[in-house]
Structure formats: structure tokens, C-alpha cells
Amino acid sequence: MRICVLGASGYAGAVLMRLLLDHPRITELLPVSSTAAGRPIDEGDWGLGVDAKGKLPSGRLLLDRDRALRAGPDAVFSALPHGVSARFCEPFFSNSVVFDLSADFRLRDEKAHRLAYGEAPPMKKTRQEAVYGLSELYENDIREANLIAVPGCYPTCALLPILPLARASIISSTITVNALSGVSGAGRSEKRDSMFVERSENALAYSPGFSHRHHPEMLQEIRLAGCGSNLFFTPHLVPMRRGIFSTISIPISGETGEIETSIGDALQGAYADKPFIRLTGKRIPSTRDVAGSNRCDIGWTVEGAENGVSMLFLFSVIDNLLKGAGGQAVQDFNIRFGFPRDCGLSLRGEV
Amino acid sequence: MRICVLGASGYAGAVLMRLLLDHPRITELLPVSSTAAGRPIDEGDWGLGVDAKGKLPSGRLLLDRDRALRAGPDAVFSALPHGVSARFCEPFFSNSVVFDLSADFRLRDEKAHRLAYGEAPPMKKTRQEAVYGLSELYENDIREANLIAVPGCYPTCALLPILPLARASIISSTITVNALSGVSGAGRSEKRDSMFVERSENALAYSPGFSHRHHPEMLQEIRLAGCGSNLFFTPHLVPMRRGIFSTISIPISGETGEIETSIGDALQGAYADKPFIRLTGKRIPSTRDVAGSNRCDIGWTVEGAENGVSMLFLFSVIDNLLKGAGGQAVQDFNIRFGFPRDCGLSLRGEV
Amino acid sequence: MRICVLGASGYAGAVLMRLLLDHPRITELLPVSSTAAGRPIDEGDWGLGVDAKGKLPSGRLLLDRDRALRAGPDAVFSALPHGVSARFCEPFFSNSVVFDLSADFRLRDEKAHRLAYGEAPPMKKTRQEAVYGLSELYENDIREANLIAVPGCYPTCALLPILPLARASIISSTITVNALSGVSGAGRSEKRDSMFVERSENALAYSPGFSHRHHPEMLQEIRLAGCGSNLFFTPHLVPMRRGIFSTISIPISGETGEIETSIGDALQGAYADKPFIRLTGKRIPSTRDVAGSNRCDIGWTVEGAENGVSMLFLFSVIDNLLKGAGGQAVQDFNIRFGFPRDCGLSLRGEV
Amino acid sequence: MRICVLGASGYAGAVLMRLLLDHPRITELLPVSSTAAGRPIDEGDWGLGVDAKGKLPSGRLLLDRDRALRAGPDAVFSALPHGVSARFCEPFFSNSVVFDLSADFRLRDEKAHRLAYGEAPPMKKTRQEAVYGLSELYENDIREANLIAVPGCYPTCALLPILPLARASIISSTITVNALSGVSGAGRSEKRDSMFVERSENALAYSPGFSHRHHPEMLQEIRLAGCGSNLFFTPHLVPMRRGIFSTISIPISGETGEIETSIGDALQGAYADKPFIRLTGKRIPSTRDVAGSNRCDIGWTVEGAENGVSMLFLFSVIDNLLKGAGGQAVQDFNIRFGFPRDCGLSLRGEV
């Protein structure tokens, strides 16, 4: 397999480079950066390591896109920003399977895209063919697709616990998603809000309710799962490098123990044979449990008030750069090309 | 004024020592530690600094309680754990005003106390006289009280935005409080869960819904404010030393702009002349804004869904060791003894 | 006293604003920012707090320099970058005492300045009058000066332990200074190297030996103290917001216990009556001990090898934004205007 | 290969478990914990992950030592504390190759051991056969050994740059090693000094000069390399989870450029074909470059003073839990059993 990575110098690109250089089924890797073509791949990424295992025909240099295009890669991973990504990927569409980590092909509804991203969605026709690459829940679609829109980090973490319940019609009232994210989620560009002194010893919420760009992505997916509930999403920034923690609360009626069982059944049904999902039951997972792994751990509990109203709490964690970006992209790649699902991906979190 | 501090060697005690040594109306300070009596006050707290301004008759040593008792302090601050605090304070009740930072006198309902703390509440009779020391909202009661139950850190941060709305009957549906806390909230005792390697690069929720000990404290106060809503509270631990961030969501009906105005009016009415409350409107505050200060900053916004259901979001931040513990205790002390409310307390957050 | 702050929107400026707003001898404060004139002082610095105590004639807005100039301040604090600061301060020199926190007036030797900063030092004549504002060691000079060059953070932390020994002719061999700094030392401008994800979980040395700009500043001062030793200085960046830790090693001959005593005598002689210096003897201080305070804590020990060569270790800590910048500037201001040395400055570190 | 891990529940044990579960040449893993035998291996280590690849005959439970002993492992890794480790390993010596990560077999000199660890070294006879497992420099010895004393984290990081220069007789004057360590180096036992609130935003030195237990280990090795210099070692704790940064300074005479070249030659000679050593020349490495990898990166520079005295600076970084503990143990295991040196070990650092 000959693979191309677009945008190799950001955080998601750096993770993709590591995963793909060590992926046993990939024989050739074409790292592209429009801003740093001709520079060494590890300049500014000294952790990347010296061993390219003979996979870099470029002799350890970043390429420009056209050179990669001429090489005719089997697959392309794009870690470019939305708006840029679709345009940059376009010439690859005819001959390569494209895994786009940006938001350019995630939303089916043009109006929703325009509202969220401030511009018309690119490539009206091509986007009809894009498949939403939430690996565990769209496996069959991914297997057939030539354009995979890899989901956002927040939606991945929130949708994995919610969608099986939505599909099983367990959820009918308002969904409140509160998520905590590490700072790498903001990317590698120099912004005051991403500086060490601004972020350490600091926590806050931002873009609450309907105002974050990942909100319509979540809404699209719960609607497709047959759920008509409102969904309010509030992300928070906390002082850590990596990781997302989602606390999802949904009012629910019925006997507490029974609901917990039906929740468990629905999640078991969806994920019993999925290696990257771990159901932790009433034990609440933490972001460390999955740091460095491609896993999503999910816990849940129901708290019953005296007046008959209960609240379902779902808790989920991912590593935003792996299951929330590069890891899920590689998982989709494995599905698409028929490799073992965990090929080149780790199930273990770091110490 | 002669003042005694019980439990001077924990984090809340260390903050109290700093505030009281620099408080201009205090002339004598009696620091008590049952475990370290006879040891220097700054052993194990090297930041405390060398300048006691002649306030320590003990010659910089920690005292045992009986010596402090004989000295007959005007006021006693207890930073002891619940269960221990009431018993240890008891002999002071007859002659001193007691500010108890533990949970021993916070809950009026015996059953609620027993459920939360696993034992009967102490001193049935004395506890009837205790006043809940949420400074801005119980000023008149505090002025008359001889036993002030200083609120918990989470309840302080959540109740300051909620109670004025509850009193103004603006809230009628379920209240969901999600709070993020720094690690100092867990105290200074050696626990695996408080270790650097366990907490850094890690985030999780714990004790969701009704299961945290601060839940009945919040519930008591919203009921006293005339609000019958359910309240679900889920605390989270994030990797920082100090600070609490609360995200409070409450379904609400009406026109978005109108609700925002009425929320603003109710909060303005309650806090217009309160120096430690800053209303930030639609700007969401962050924990850094109040780190090192005794302030609580409060922001709010309403997000309206197409189907007529809106969600009110309240955001509030405090420094858990100041407004959430020692700072509020000193604020109550100022109120009780008629000193300026901000005497010895800072309005400014650190850089 | 009417005071002007130039460059109020950086980290050092933010610390100065806090110190000066709360300084009891200052009645009027003129905050200047050339880039943000006309904007509120707390926009982007929400922790600054609401209470200006009537000291801001500008009505909480940042001013341009000319307005401050017309107001005729008694003193000017400049927290501008080197190169810019001298030029910007120039018109104030005739009527105001200037405390320059930049490097523009620190080095007496033109060649050293040119080597370190890549350009000729500004204002040949004026710079002759500048006094090096290392508070404890140049008190008499500061009292008479109208231009005080406030020392750099690294030199302050290293020179306070070294200079008394140099003056007492105790040191004659090579001095090796290794220093660890928090990230705020790099200032508030957006650089990739100052980003949270780049700095957290990361440590490194930079500019070793003679190559850091603070090296000639240290060398100048040990030479003035009569010491001809080589000095090698290697700064390190570690993942914390504030604080500098210096480990200074100097080969020394003689009997271990005797040397330790003579070191102690020299330091005691220099600092016995200085409130902001704490000598900790063989106990090694840590940066937390002085965080939030204007103190410098100093410890020392001598390790003797079997072959008669001993090594003197000096350990010193400061808060880089206080004793290493704004705090020392205010200390110099107190000395210059005859106020108590600790006026408006804290001796206590944070919890 | 059937492998046993003693002390599987500490940080080094947790790293070993991950490495060995994923090591392609190991078919059976026997995890032993005397305190938690019978408990699940991932209780308290949720990141370990679910996939044991059929390697755990114990059905995911921790074993007691005797059960592991009866199974007759080919090799034993001990991550137990010094003092305990030797005794616990003893019955395995006859039939298994032992990799001891504790200090029990590192020091050849009994007196040095007694001074450093406060007790006589264990097993006088067996310890004669122990080989010091600094992988790159004792490869031949390790290949033949049945007892490998895996080096300490600080000695590994310091000796890798120093020893080739000592062997080449380039070093003749005093060696000063300053090292910065992350908090995981202190292990997983609950100590106040390992708590988040004590360590975050804090830096300090400890055990300077000759007083740290790793000092005699370094001294032994430079002596064996033929170097008679004094060596002073001062470790520092900085607020990060993992990583060691060493700054080593050695006075040296000669022309700067020439020395740099000879240093480079000596290091190249020693490490040219070693996959886990990366020589970075004048670029100073940082701990992030090697976090998550088994690499040691080494940089160097020479600063020349005007008076002819130059200072050689060596900079080296490792991940203390990998190259400084479990990773180097597995590297030694690979050498001993003739597997590829990087089998099951990563060359890449994390993003």
C-alpha cells in the first residue's frame, strides 16, 4: 500500500505519521506539507524517531502535493483545516480512497454547514458520496466508501455512548453533553489561548449550547438514529495535553435498576465484538485509561429522584488525537481495506 | 481581636493562617494543631513567611487546644474534618464566635446529614443556632450568629448563581450542576488519588447525581429559597491546584432575550453592591480570573431551540481555598464583627 | 504619588498593575499601552479585579504615552521589551524617576550589550547614570538614582546568593549556574515554544554557557564584586507558570564544616536585616516557598570529596514575576522614595 | 518464552506489563504481586487494556510468587524495591534469567552499597555474577549473564553520554551532573511529596553532591571506564509525569571546535549502530523527544572562556519509565535471548 498524508506537521498529522510508519500493511508513505515541502519530516517533531523502515521514498523530506499526486497513492489521509482540506484533496478523488479528518464532508445539510463554518460546503456532488467514519457504527458503509469523513473529536466521544441508545429508542428527552478537552484539541497554531501560562491552572467553558461547530454534527447523527431530542453541547478546556471526557445527562423515566439494565443491553448489543470499546458499567472511566490508545471507554449510571424523575448519566473518554482523530482514521482505513481492525493501533493506555 | 485557628496544617488551615496574619483587625493569633502542637508553624509550610507582625504569642509554635481555650479567643476558625470539628470546637462555644469550615453544622435535616456523612449529626441543640455562612446571601443572619457553618466549596460556587434566581421564582425545572475542581479540594492527606502522577494529564467525573456529600447542602438551600426543582450534581477532577468551575443548565421557557434580561436583573438585584461578586454577562469567566481572590464571577446565556425549549446556562468560578473555604470564612468574620467586608481579602486574581 | 506604567498588558505589566493599585502610597496610576490605548485595562486580564480605589483618572482605560507624559508622573515603570523601552521612556527622564524592567540600561559595557542584544546600547550619556536595581545590594545607590535598571529574573536569583560571597572573597574558582524557569519568563507573545502542548510534560536546557543574554549581566556584577572567576550559566525550561530555581556549584577548598560556616556568616552579614531574603541553611528551598511573594530564599551545602576537593552548592528561588520583575521594581521604588521596604509587597508565598 | 513479572502493580511494573504483553516473542506471562495476588491485573491500572492475546494463563489474575515459581519461567523481571527484590528473586536464580530493576545487585563494592542503602548488600556470592545492564555499553556481558542488574534511571541518563568519553580518556576533570526528573521517578507509594498539590507549580533540588543513592552507581561506572574524576550529582524534581533531563558540565582544555569534534567522534564510535541512541550534535534535546520511547538522545557543546578554560556541556534525555526502567530491562532481555534489539520497543516519542 502506498499512502499519502496531507498536513503532516500539525498534531493530528504527527500522530498519523507515527501510526502509518509503524503500520504493518503500509509499504510506502508520502508526507505532504505545502508550507514545509523540502524540509525534513522530523524538523520540529523530534519525537517522530529515526526509523522509517524504508517506507519513505522521499528520503525523509516533506513533499509537495503534486509529487504525491504523481505517485498515485492508494489512500490519502488529510489532516488539513476545514475549508482547505476538500480543495486540496480534490485531485486525489479519482484514484485514491480519501480519509478526510477535517469537517468538510461531515455535514449532509448544506445550511447546517454554512451556519457552522461560515461558508458554503465544498463539492456539492462529491459530498453526497462521503461516509461518516464513526468506525464502530458505520462499518458496512465505510467498507464500500471512497471518501470517508472522519468525525470530530467531541462528536466521536459523545456519539459512541448515545447512538446505540438512540437507535434502540431508549432516549426521548433533552440530551445535555458536557465535555472536557485537553489543549491539543485546539491545534498547533500559535494562539494566546493555547499558551502554557494562559491554560495551566485554568478551566472554563466555551461555545455553550448550540454554538460550537461540533453541535450540528452530533445533531445530524442522533436524527439519523431516529431520535428527535434536543441536544445541548458545552465544551470545556482543562489543563491537560490530550483527552476528552464527556458527561452526558438525559432525563429518563422508569425504575432505576431496569433502566440501567436496558442501557447495558443496548450498549452490549452494539459493542460486544468491538475491540476499541470498553464498557465499564457503573465504574466511571478517566481520560488516563485511554491516553495513547484508540479506545473509547463508556460508563453509565441512573440516579432516581423521589418524585419519579430519573437522570441517566453516560460517561465516555477518548484520546482526542487517536480515537478522536488519527487513530479513528486508521481504524477506518483498516475497515476499508479489509485489514484486522486493530492493525497498527493500540488497545493499551499509557502508564 | 484574639483569634484561634484549629487544624492549621491542612490546605484550608494554611490559607486561613495567611489571611489572618495579614488581617489588620486581628492582634493575636492562636494556631492549634492536635497532631503537631509544639512544632513551628511553618514546618511543612515554608511559604507561610517569616513575618508574624507580633501576632503570635506562642512564639511561632503550634499550640494544643487547651492552651488556646485558656487564652479565651474572641473567635475560632475550625479547618478540621467533619465529625471531628464539632467535638473539638464544643468547649469554645460558650465564649467565642465559631466559624466552622467543616460540614458538621451545615445541614438542618438530621436524616440528610446521616445519609451524607454516615453518622448522626453532632450537638442536636447547638446546631439549631448555626447559620449557613454563604456571605452575600445570609448577611443579616451572620451578623447575629455565634456559630457560622461555612459552606462547602462546590455549594458556594453553585448556589451563588442559582439562589437569586430561585428566590425570584425564575427556576422551575430540573437543575443540572456540572463542576470542575482542582486537586486541593481533596485536602492534604496522602491518598493515591491525590498523587501527581495519578492526577496530571487526567480528568474524570465522580459521585454523580445525588451521591456527592455536597448534594444535600445544595438541595437544602434551593428548597429554602422556595424552589422545588430536582437538582443533579456531578463533580469532576481536573489537573489543576485550585479553582472550581460550575456549568449549570436549567430548561426554561420564554423568549431568549427576555429571559437573559430577567436573569440579569435578578442577579444584579442580589449582587449590585457586593464587592466579591462580579457579573460577566455573556462572557464566560474562567478559574484564573479569580485564582488568589475571594471573588465569585458569574456569567450566563440562554440557548433557544427551534421547538420552543430553551436552556439557561449559568457559569460560575471561585478559588476553592478562598471563596470556597478560608476566604469566605474571613468574609463571614468581617460581617459578624462589623469590619469592612473586604478587610484582609483580595479582589484581584493572580497573573 | 502619581505613577505611570508603560507596557501594562504583558505579564510583568499585569503584576505591576496589581502591586501598584494596592500600594498604599500611590494615589494615581496611569497605565499606558501603545497597542491598546483606549481599551479597558482588564480586557484580556480579567483577574485584575474591579476595584481601582479611585486611582485611575483614566476611568479604567489604557492611555497613550503622551497623555501620561502630560500628566507629569513622579515615577515611571517600564515593562516594555529591550530596544523599545529606552526610547519610549526617554521623554520622561527629565521629570520622573524611571524604573526600567528591560535590559536597556543594565550593562555598563557597550560591547557586551551589543553582543548580547545585537545592537548598540541606547542613550550613551543617560546610561552612565543608571543604577543596577538589585535591591538588597545596591540600596544606597538606588536611594539617589533617577534611572534604575531593574535586574533580569535569572541574574536576580543567581546574584543574590553569589555576590555576598564574591564580595567576601570566598569564591575564586569557576561558577556554574544551572537555573530552572517557569514559562511566564518567556513573556506573553504568541510563540510555538510557549504553547501548552509544547511545554507541558517537557523539560530542556537552552542557551548554555555564555550564550544567554543574562550571562553578561551576571558577569558584570561578579566582576564589580571583585571576583575574577569564570561563570557558566545554563537556563532550563520546566512545565510551571512561575518561579526560578538556581543550582550554583563552585569548587572550593578547605574543611567542609568550616566553609559552610563562613558561607553562612557572609550571607548573614549581607542579609540579616533584609526582610525579603530568607536563609534556609542546609534545607533546600523550593519555588513554591516563594510563589506569590517578593522573597528570595537561599540554602547552601558543601560536599567534600575524598581527594580534598569540595563543592559548594548554593540554592536560590524567586518568583520570576515578583522578585524577578515587578516586585523588585516596587521594592526599588520603596527604597528610592523612602517608603518601608515591604510596602505593598508580600512576604508570604501562596498555598 | 514464559516470563514472570514481580511487583506488577507499581509504575515500572505497569510499564513492564504493557511491553511484555505486546512483545512478539513472549507466549506466556506470569504477573506476580504479593500484596494483590488473586486480584485482576487491571484493577487500579485501567489503562492496561483488555487484550491479553492469550498470554495470561492466570486468567487475568495476579499470582503469588510460588505459583509463578512452579511454572518455571525462562526469565523473571523484578520491579520490587531494593532490599526486597533480591530475597524475592532468590528461588528463581537456579532456573531463570533474572532482570532485577532494583538496586540490589548494581554496586560491586559492599561498602558503597551499605553507605547508600543502609544495609549490607544481599547474597554475597550471587552478586559477583551480576552484570550491569546498561544495554549499549555492556552488550557482550549481558549476552552471557543470568543475573542482570538493570541500571537506575538517573545513572542511565548520565552514563550514556559520559562513559564513551571516559573510555576514550577525554575527561580528566570534575564532572557535575544536574538532572531534572518527572514525579513518576518517586514511585507509586503515597507520600506527601508525591502529591499533585505539592509538586505542581514547584521545582527544587534534593540530595545534592554525593548524597543521592544513584551517586555511587555513577561513580562505579566512570571508575570502571578508567576515569578518576570527581563526580557531583544533583537531582531536581520538576512538575511533569515522566522524563529525565541531564545537564552535565566538565571543564576541558583545548580548542573549542576540536574538542567538539573529538566528543562527536567518541560518541559516534560508541553509538553509530545503536538504534536507541540518537546523537543530536549542538541541538539540545528535550524530554518530549523521547517520551514513550526507549531512546536516549544526546547533544553536546563546548563553551570557551577567554582565559583558555572551556566547559563541555553534555545534554541527555530519557523516559525514566522506559529507557530508565522497564524499557531498558526489555532491551537487555532482547540482547540476552538473541532477539532483535528493538523487539517490542518503540523508537518514537509521543506527540
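Each chain gets a letter, A, B, C and D, in the order it is written, and its residues are counted from 1.
The rule is short, and it goes like this: a residue touches a chain if its C-beta (ideal position, glycine included) is under 8 Å from a C-beta of that chain, and two chains touch if they have at least 3 such contacts.
Keep in mind that this is a model prediction, so the values were computed, not measured.
J.: Chain by chain, through touching neighbours only, how many steps does the shortest route from chain B to chain D take?
T.: Counted as steps through touching chains, the separation is 1.
J.: Quick check for the class: compute each chain's Cα centroid; which one is farthest from the centroid of chain B?
T.: Looking at centroid distances, D is the chain farthest away.
J.: Report the inter-chain centroid distance for chain A and chain B in whole angstrom, where each centroid is the mean of the CA atoms.
T.: Here the centre of chain B sits 39 Å away from the centre of chain A.
J.: With centres defined as the mean C-alpha position, give me the chain A-chain C separation in Å.
T.: Here the centre of chain C sits 46 Å away from the centre of chain A.
J.: Between chain A and chain D, tell me the centre distance in angstrom, where each centre is the average of that chain's C-alpha atoms.
T.: It comes to 36 Å between the two C-alpha centres.
J.: Going by the contact rule already set, what residues in chain D reach two or more other chains?
T.: Chain D, residues with two or more chain partners: 11, 184, 198, 200-201, 239-241, 285-286, 288, 291.
J.: With touch defined as at the start, can you tell me which chain C residues reach chain D in the complex?
T.: Listed in rising order, the residues of chain C that touch chain D are 174, 176, 178, 180, 182, 198, 200-206, 208-211, 230, 232, 234, 236, 238-243, 245, 247, 249, 251, 284-288, 291, 301, 303, 305, 307, 309, 311, 313, 315, 317.
J.: Provide the residue numbers of chain C that touch chain A in the complex, in ascending order.
T.: The touching residues are 11, 183-184, 188, 190-192, 194-201, 239-241.
J.: Could you please specify the touching residues of chain B with respect to chain C in the complex?
T.: Residue positions touching the partner: 11, 14-15, 18, 21-22, 45-51, 184, 201, 275, 278, 280, 285-286, 288-293, 295, 297, 321, 342, 346-351.
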